[in-house]
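The two complexes that follow have subunit A in common; it is paired with subunit B in the first and with subunit C in the second.
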Partner chain A sequence: MGDQPILRINALTKRFNEFTALHGIDLNVRDGEFLAIVGPSGSGKTTLIRLLVGMDEPTEGAIWLRDSRIDAVPANKRPTCMVFQSLALFPHRSVGQNIEFPLKLRKVAPATRKARALELLELLRLPASYYDKRIDECSGGEKQRVALARALAFDPEILFFDEPLSALDYRLRKTLEKELKDLHRRTGKTFIYITHSLEEAMVMSDRIAIMKAGRFEQIAPAAEIYARPRSRFVAEFMGEVNLFDMVDGRVPGLRFGPRASNLFVGQTGTLVVRPESVALLAPGEEADVALEGIIESEYLLGSRVQYTVAREGAAPVTVEVLRENAVGGPGAPVVMGFGTSACHLIAPEARDAAA
Partner chain B sequence: MQRRDRQLGLLYALPIGVFLAVAFLAPILLVAAFSTMPPKVFSIWNMPDFSAYYTVITQGYWKTVAWSLGMSMAATLILFVVCWPLAYGMAKVFGRFSLVLTIGVVMTLFVSENIRLFGWVLTLMKGGLVEGYIRAWTGTGFDGLLYNVPVIVFGLCYVYLPFMLFPLAQGIAMVPEDARAAAFDLGATRWQIFREIELPLAMPGILVGSLLTFVLAAGALAETKLLGGQAVIVIAEEVETAFTYGQNWPLGAALAMVLIVIVGGIAIWGIGRADLDRMMGRR
Partner chain C sequence: MRTSRLMGWLLVAYGCAVLAFLYLPLVSVGLASISKARYLTFPIRRYAYDWYGEALASDTVRDLLLVSLKVAGIVTVLSMVIGFLGALAFARYSWRFRKAYQKLILLPIFFPQTVLGLALLMWFNTVGIIPSWKTAVVAHLVWIAPIATLVISIRAYSFDPALEEAARDMGATTWDTLREVTIPLLMPGVISAGLFAFLLSWGNFPLSLFTTGADSTLPEWLYAKMVSGYSPLVPTVGILTVGTSAVLLALGLTAALIFKRARAARNA
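Showing the complex of A and B:
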């Protein structure tokens, strides 16, 4: 992975009449990186990818591919290409002809084209006999691979993905996520992947950019976003989370031990604690931060158990423990605790910006 | 259960089956039988001698067949070129305006073809709308624009435009937007998208439109008579003449059979290639 950015987005703005879909966003993508752009629907990620592949032009701002400015270059003149959500395979062409399509456009000799198509079939673990298969004879996962092979035949500088896995069933999606990550490693190409599924983004990508209402909320590796979300929105978007409002170092209902009191003295913001960081305390057991409540409901998550714990005069807390540490069912009073190392405090400015 | 379904299906198909047999198949068989009769007889209970076909071949009727097929092919090609952008607009661009266009085009069908063609005669004839105005403005007149082959082809295009336009629009609507976008993204130019994606994917509509236009134009008579005068004679006119003035039913029947076989052969070949199920949205 080089340090030189392959793609630079500078103050990119896109307006549709009154509506502003992108608010002057900036982004640098490193050469060879796998970047996932994640956001709920309406966050502007589809608008962004349309600008990046050249199917639309920005209202303001610039897109640079290495040293050339490309925001006004139409899609068919850009050295990038995209795997569509619908895959957009050509139903009237065979698998082989689909893969060879970009090469045919460049007037590559038929023998060379076929050799390259067979190479790509092998790279994507499809048998060579698929070369002559019709598209409608392929399964969902096979079509996925054909679409990838076609995009790779183009030999793009950057490969974009517009939620190509969203229509597949869970197990196939899991398999293809791993294959895609593996393919990224083997080809060394830059992948930019748009999805609304954070899970998908976490499995595959080197960095995640979280979008909300036409802006990036946070751009960081998955682990960092998970542990240190920059806003309430990101914290909640990253899955089940407990948020406590802290004013001047105190949170109503939470008992701070000496370490926590020292750490949070005078602080104001939102305290973020993941459910799996919260433990159920045995009588007499101590924790940096402790709180109590009554179990309201219990959900089995395979190897883990998740509890919703009701508290008096405060929002319920979500706790996730290993199955062997499970305690009684609904109605049981519990004392919970977590360490300061599991806490992350979101500054109030960031929280306001996200609100 | 399945057997009963099939029986029910046959039962439902019975009325249209009887209708087709009486109104479609029987006349064709009758014409076929007449075409084998000796000249100038008015009954099919004579000894067949196929002399009418001999006449068709030796008397130069192939020329009128060639004119018919040639002009209808020309009209089909011109209509394809003219209708493609219009159909494209209707299927992809115009949105609600395409309904207005559809109504406009369909409305013309409410007026008899002959009346519409006479309208063109009045427009194009010597002393008509065009020539008359030009003479009045410039002082020099000309012979009018009627009575030549191009004006016949124009007439065919004018009359059969809806039969090309609507199937074509249907065909273009079947081209997925994403396939076009993907081809563009993979580096295709507009022309390459047309050739590699739109043309093959819209092919069922193109075939249906072309066949309808071609078949109807090949049997057309009024355009040649009204706009073409005596410039050329088409096969349909020869058939009519043989049955009426000529009083030679076997000859008319043989000419009709030649046209039916040629046009029917082309139509069956074409329909065999068009995926009608996909067009009707059943797949």
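Showing the complex of A and C:
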């Protein structure tokens, strides 16, 4: 990976009449990086990718590709390419003709074109006989690979993806996620991947940018976002989480041991604890932070069990333990605990800040 | 749903009745064209086929055919072009007055053709254009181009706008996109629109009546001859007219089939 960013976004704003889809966002993408942009629908991620590939123009701000400013350059003059959500494969062209399309536009000789298409079929693990196949004869996963091959034939500086896996079934999606990650490694290209599925983003990307209402909430590697979310929204978006409001070092219903008391003295904010960090304490067992309640419901998650524990006068707590550590079912009173190392405190002023 | 035996027979009988009502009159015209009698009488007592020879040799009939073919041919080509562009505006691109345009385009179709013909004639007179087969082309287009637009729009609605965006994203200019993606994908719609346009123009009477001026198309002549000066030449020309439509329809369908086969072969 180079030091200089391949893509720089500077104070990018997009307004549609009264509605502001993007609020002056900034972003740097490293050369060769796999960046996932994640957010719920309506968060502005599709607007952003349309600006990045040149299908829309920003209202304000700039997009730089290495040293050239490209925000006013039309899509067909940009050295970037996108894999569409619908894949947008040409139904009236064969697999081979689809892959060769960008080369044909550049007036590459037919023989050279075909050689390249066959190379790409091999790279995407499709048999050479697919060259003459019709698009509607391909399965969902094969179409996916053809779309990728076509984008690679274009040889873009940056490859964009607009949720291309969202229409596939779970198992195929898992396979293709791994293949895509593998392809990223082998080609060394910069991938920018848009999705609403955090799971997809975590499996594949080097960094995740989380979007909400036209702003980035946090941009960081998956592990960091998971362990140290910058805001309540990010914490909740990253999966099941327990959030406790802390005022002046105290949280009602939580008993702090000496280590926790020292750590949180005088602090105010939101305490974030993941369900798998909460343990069910045996009688007499100690923890930095302890709390109690009554099991309300239990869910089996394969090798793990998840409990919702009701507490008096407070929100229920979610606990996830290994199956062998499971305790009684609903109605059983339990004492729970977690260590300070599992805690992350979101400062109140950071809650609504944009990255 | 299972139909009983009786129900089945009733359905068959109903189907036959509908076909008879639709096609028997045509058969009777065919029979009239081979009658020896000078007047329209039934049943036909003596048959003769000379009228076909006469029709093909007649200068009048040749002129009529020529005018009708010219009008229908030009209307077909222009309808395909206007319909293609119109359908893109109708179904593919969002623009400010699209809603209004989608409604306005239906207006000529809902107008009674006689009124439309009269209105156009008055307009041509006002502007100082002498009506001829050329003005008939314009009149036919007012009515047929919207129909062609709608026929092609159905096709245009069914294709993914991302296809054009993808082509553009991969470096295609507007012209490349049109040539490589839009036109091939809309082609089946354009061909059916062309067939419709030809048949509608070829058989049109009310618009032609008002707007051809001194020229005359086949349907006009048929009507004029029915009113005064009937001879078996009238049904003969009528049958020739139907025959031309049929041949054209067959040609059009064959062309569509060949187009499909060629594509399949190219892709196979």
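Here is the rule we use: the second predicted complex is superposed on the first by the 351 of 355 C-alpha atoms of A that agree within 3 Å, B and C clash if a C-alpha of one lies under 4 Å from a C-alpha of the other, contacts with A are read in each partner's own complex, and residues count from 1 in each chain.
Operating definition for what follows: a residue touches a chain if its C-beta (ideal position, glycine included) is under 8 Å from a C-beta of that chain, and two chains touch if they have at least 3 such contacts.
Owing to the predicted nature of the structure, the values given are computational and were not obtained by experimental measurement.
**Q** Identify whether subunit B and subunit C fit side by side or clash on subunit A in the overlaid structures.
**A** Once both complexes are aligned on subunit A, subunit B and subunit C clash.
**Q** Touching A:D132 in the superposition: subunit B (first), subunit C (second), both, neither?
**A** It touches subunit C, and subunit B stays clear.
**Q** Would you sort A:V53 into first (subunit B), second (subunit C), both or neither based on which partner it touches?
**A** both
**Q** Could you look at A:F216 and tell me whether it touches subunit B, subunit C, both or neither (first, second, both, neither)?
**A** neither
**Q** If you stack the two complexes on chain A, which partner ends up touching A:F338: first (subunit B), second (subunit C), both, or neither?
**A** The answer is neither, since A:F338 touches no partner chain.
**Q** Looking at A:H92, would you say it contacts subunit B, subunit C, both, or neither? Reply first, second, both or neither.
**A** Both partners, subunit B and subunit C.
**Q** Counting touched residues of subunit A, say whether subunit B or subunit C comes out ahead.
**A** The partner with more contacted residues on subunit A is C.
**Q** I'd like to know which partner A:F233 touches here: subunit B for first, subunit C for second, both or neither.
**A** neither
**Q** Kindly list the residues of subunit A that each of subunit B and subunit C touches, one partner per complex.
**A** 53-55, 74-77, 81-82, 84, 86, 88, 90-92, 101-102, 104-106, 150, 154
**Q** Considering only the defined contacts, which subunit B positions touch subunit A in the complex?
**A** 176, 178-179, 181-189, 192, 196-197, 200-201
**Q** Touching residues of subunit A toward subunit C in the complex: what are they?
**A** Against subunit C, subunit A makes touches at 53-55, 74-77, 80-82, 84-86, 88, 90-94, 97, 101-102, 104-106, 132-134, 150, 154.
**Q** Hey, which residues of subunit C end up touching subunit A in the complex?
**A** Against subunit A, the touching part of subunit C is residues 160, 162-163, 165-173, 176, 180-181, 184-185, 263, 266-268.
**Q** Could you please specify the touching residues of subunit A with respect to subunit B in the complex?
**A** Residues in contact with subunit B: 53-55, 74-77, 81-82, 84, 86, 88-92, 101-102, 104-106, 150-151, 154.
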